[in-house]
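Per-chain numbering from 1; labels A, B, C, D, E and F assigned in written order.
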Amino acid sequence: MSTLKPAAEPESNARVKAVFDDIRATRKSDFVNNFWRYLAFDPQLLEETWAGVKSVMAMPSALDPLTKEMLYIAVSMTNACRYCVHSHTAAARAKGMTDDMYADLLRVVSTAARTNQLLNGIQVPVDDAFEADP
Amino acid sequence: MSTLKPAAEPESNARVKAVFDDIRATRKSDFVNNFWRYLAFDPQLLEETWAGVKSVMAMPSALDPLTKEMLYIAVSMTNACRYCVHSHTAAARAKGMTDDMYADLLRVVSTAARTNQLLNGIQVPVDDAFEADP
Amino acid sequence: MSTLKPAAEPESNARVKAVFDDIRATRKSDFVNNFWRYLAFDPQLLEETWAGVKSVMAMPSALDPLTKEMLYIAVSMTNACRYCVHSHTAAARAKGMTDDMYADLLRVVSTAARTNQLLNGIQVPVDDAFEADP
Amino acid sequence: MSTLKPAAEPESNARVKAVFDDIRATRKSDFVNNFWRYLAFDPQLLEETWAGVKSVMAMPSALDPLTKEMLYIAVSMTNACRYCVHSHTAAARAKGMTDDMYADLLRVVSTAARTNQLLNGIQVPVDDAFEADP
Amino acid sequence: MSTLKPAAEPESNARVKAVFDDIRATRKSDFVNNFWRYLAFDPQLLEETWAGVKSVMAMPSALDPLTKEMLYIAVSMTNACRYCVHSHTAAARAKGMTDDMYADLLRVVSTAARTNQLLNGIQVPVDDAFEADP
Amino acid sequence: MSTLKPAAEPESNARVKAVFDDIRATRKSDFVNNFWRYLAFDPQLLEETWAGVKSVMAMPSALDPLTKEMLYIAVSMTNACRYCVHSHTAAARAKGMTDDMYADLLRVVSTAARTNQLLNGIQVPVDDAFEADP
C-alpha cells in the first residue's frame, strides 16, 4: 500500500522515458525497480533524484562501490527504511558482499547504535583530542 | 554538561583499572577518552560496553578497520550522536581516511537519507526481485 | 498485526462513544479510522489524544489546514510512521494537495534530510547571525 | 567544534568561488553562512549540495517559499539537527513567519511526534480508506 | 543559543502567570525551568503543553512516578533531545533513581538500540506467537 | 520478506545449537523466536547478541524485569522497530503488564516525543540546576 498510484505506462512521458533509459544503460539491465516507477508521477522529482543517486552511487569516486552500498545500508537501517534496506542489501550482495561481510556490517552498526544511545544519554563532553580545528 | 560526575580517580577501582589497562594495551596508547571515563561510574556497564566495542572494532574480521569506522560514522550521524561522530571521525582519519574519502562518505550518507525520506513517504512496495528467501 | 485487540463494540463504553461522536461531528463524516478504534482500549488515552489532535488540527489557527497536514506528513515520514503517513497524506489530498504540491513536499523533506545528515556529520558551528537572542 | 577545519580562504579555489558567487547572487546578500564554508573542503560536495538546495528552496515551485521553510524546520527538528533548525527558523522569519505561525508550527509538529509514537507502538493497521491505489 | 528570545517578565501575562503558578503548586517548588519560560512566548502552546505533561507525569496513574521518569529518559535519549535528557535524569534522581538503577537503565536502552538496528536491518518476520489479535 | 534466508536446520551447527539450548533453558520454554533463527546465519553474531540480551534482560539487576521490558518497548517504539515492539510488548504482558499499565506507558512515551520535538525545535538552554557535575 502506497500513498500514490503509479502510472500504468510511465514511459509514455518523454522525460520519464529518458530517465528510465539512463537507469537501464547505467546499470546494464532491463530492470527498473519500483522506486523509480513511483517517483515517475513527477518527472522533475524523478530526474533530480536519479541524477543525485547516479552521481554518488554509479560514478567512480574515492570509495569503492561495495563500501558505498554498505554505508547506504547502515543509514537505511538506522532510518528504518524498509525498502532501502532491501534494495541496497540486494545491491551490496550483487557487488560481492558475502554473508561474513554482512554479519560484520550488522555487528558494527548495532554496536554503533548501542554506544550512540549511551552517549546521547550521558552527554559525555567531547575530548579536546578529537578537535579537528584546534 | 553531563548527566553524571565521573570519579576523580576511577582506576582506584580494580575492575575499572583492568578495563582501562586493556583499552591502553589494545590501542597501544596512553589515552583513555572521556566515554570510558564516564562509563566507569558503573564497572559492569563499563566492562560490557568495552567488551562489545573491542570485539567488533579492534579484532580482525571480515571488514577492514577503516570500513568499520566509516560505517560507525554513518550510523552516528544518522542518530545525531555528536560525541560518536567526533570520536569515530578522528579514528577513521587515524586509520587512513583522506579528505576525499570523507567527502565521499558524506555524499553517500546524505543521499541515503534523502531517498530514505522519499521511500518512507511514498511507501513504495518492495520489488519481488529483492526477495532473499523466494 | 497489532499489539492489542480492539473491542468489538467500543461504543458500548460511554466515554468512548462521546469521543467517537465528537470525531464524527468535527469531521462531518461517519468514518472513524482505526487509530481511534485501537486507542479506545483506554478511554483516558483516547480522550487526551483526541483532544490534542482536535485542538491543533481541527480548530482555526495561524496556519491554514493544508499547511498543517503537510507539516504532519513531514514529521511522520521522518519518524517512519507508516500509518500516519497514509492517514495524513489522505487528509492533505482531501484538503486540496495536488500531485504537484505533493511532489514539491517530497522534494523539500528529502532535501532537508540530506542536509541534516551533512550537518550532523560535520557539526558545523551555528552562525552568530542566526541568534534570536543576541 | 567540528570534524574538519575550513580553509582560511576558500574562494581561492575557483569552483568554490563560483558556488559562493551564486549563493550571494541567488540570495541577494553578501552573507555566506558556515554550512557552505565547511562544505567547501570538497568542491564537488559543495557544488552538488548547493545545486540541490537551490533548485528546491530558491526556485519557484508548487509550494510557496515560507511553507517550504516550515517543512524544512519540521524535518530538522525531528532529525535533531541543531544547525538546520537555527538556519531555517531564521530563514522562515525572514520570509514572514510570525510568532503566532511559529507557535502553530510547534503545536503541529509536536502533536505529530506524539501520535507517531502511539502508532509505531500499537502498530495499528492502515485503513483501506487511505489506499491510493485500490 | 535558542530560536526565540524569552520575555523578560513572562508573568506579566495573566495566562502565563496562571501556568507558572500551577507549575509551582504542582511541584511544590519555586523553580520554573527554562522549558516553560521559553514556551511562554505563546500562552496557548504553554497551556496545552503543561496540561499534557501535568496529566501524565504529575497525576497518580498505573505506573509509579519513577518508572515514568525513566521511560521519559529512554525516549529522550533515543530522540537525541539533550534538554529532555538532562531535565528528566535530574527528575528521576530526585524521585529516587540510584546510580545502580541509572546504570541498569543505560544497559537496557543501549541493548534495545542494538537489537532494533539488527531487526530493522534483517527485517525478520514477526512470529505468530506475538499476535495480540489472533 | 527478509534480507536473508534462515537455515532450514540451524541447530545442525553446534554453536547455534548451544545458543538455542541456552535460550530454551533461560526462558524455560521450547519456543525460540524468529530473531534468533535469522541471526543464526552467523554463529558469532548470534552468540554475541544473545549474550548481551541475556545479561541485561534475563539476569537479576537493579531494575525489575517488567520495568526493563517497558523501557525496551519505549526505545523500540521510538526507533520504529516493528519486530521489537511486538516481541517486547508480548514479553511485558507475560511479565504482568496490564492494559492500564500499557496505556500509561503509551501516555508517557507519546508525551516525551511531543516535548522532545519542542525542545529540539526551540533549542532551549539547559538550566544550571540540572548540572550533575557543578
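The rule is short, and it goes like this: a contact is a pair of C-beta atoms (placed from the backbone, for glycine too) under 8 Å apart; a residue touches a chain by one contact, two chains touch by 3 or more.
Quick caveat, the model's predicted, so the values are computed rather than measured.
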Report summary line: Contacts shared by chain A with chain E include exactly B, C, D, F
Report summary line: So the chain most remote from chain A by C-alpha centre is E
Report task. Please state the rotation angle, between 0 and 180 degrees and to the nearest 5, that superposes the Cα atoms of chain D on chain E. Result -> 120
Report summary line: Note, CA centroid farthest from chain B's centroid sits on chain C
Query - Interface residue overlap between copies chain B and chain E, same or different (over half shared) - result: different
Requested in this report: Quick one: report the Å distance separating chain B from chain F, using the average Cα coordinate of each chain.
Outcome: 20
Query - Mean-CA-position distance for chain F and chain A (Å) - result: 27
Query - chain F residues counted as touching two or more neighbouring chains - result: 1-4, 48-49, 52, 55, 75, 77-82, 85-86, 89, 100, 103, 106-107, 109-118, 120-123, 126, 130, 132
Requested in this report: Using the touch rule from the top, collect the residues of chain F that touch chain D in their complex.
Outcome: 73, 77-78, 80, 82, 85-86, 89, 106, 109-118, 120-123
Query raised in the report: Inside the complex, what are the residues of chain A that reach chain D?
Result: 1-6, 48, 52, 55, 126, 130-133
Query - Parts of chain E lying in touch with chain B, wherever the complex brings them together - result: 80, 85-86, 89, 99-100, 102-103, 106-107, 110, 117
Report summary line: Contacts from chain E onto chain F in the complex sit at residues 1-4, 31, 33-35, 38-39, 49, 52-53, 56-57, 61-63, 67-68, 70-72, 74-84, 86-90, 98, 100-101, 103-105, 107-109, 111-127, 129-130, 132
Query raised in the report: Inside the complex, what are the residues of chain B that reach chain E?
Result: 1, 3-4, 41-42, 44-45, 48-49, 75, 79-81
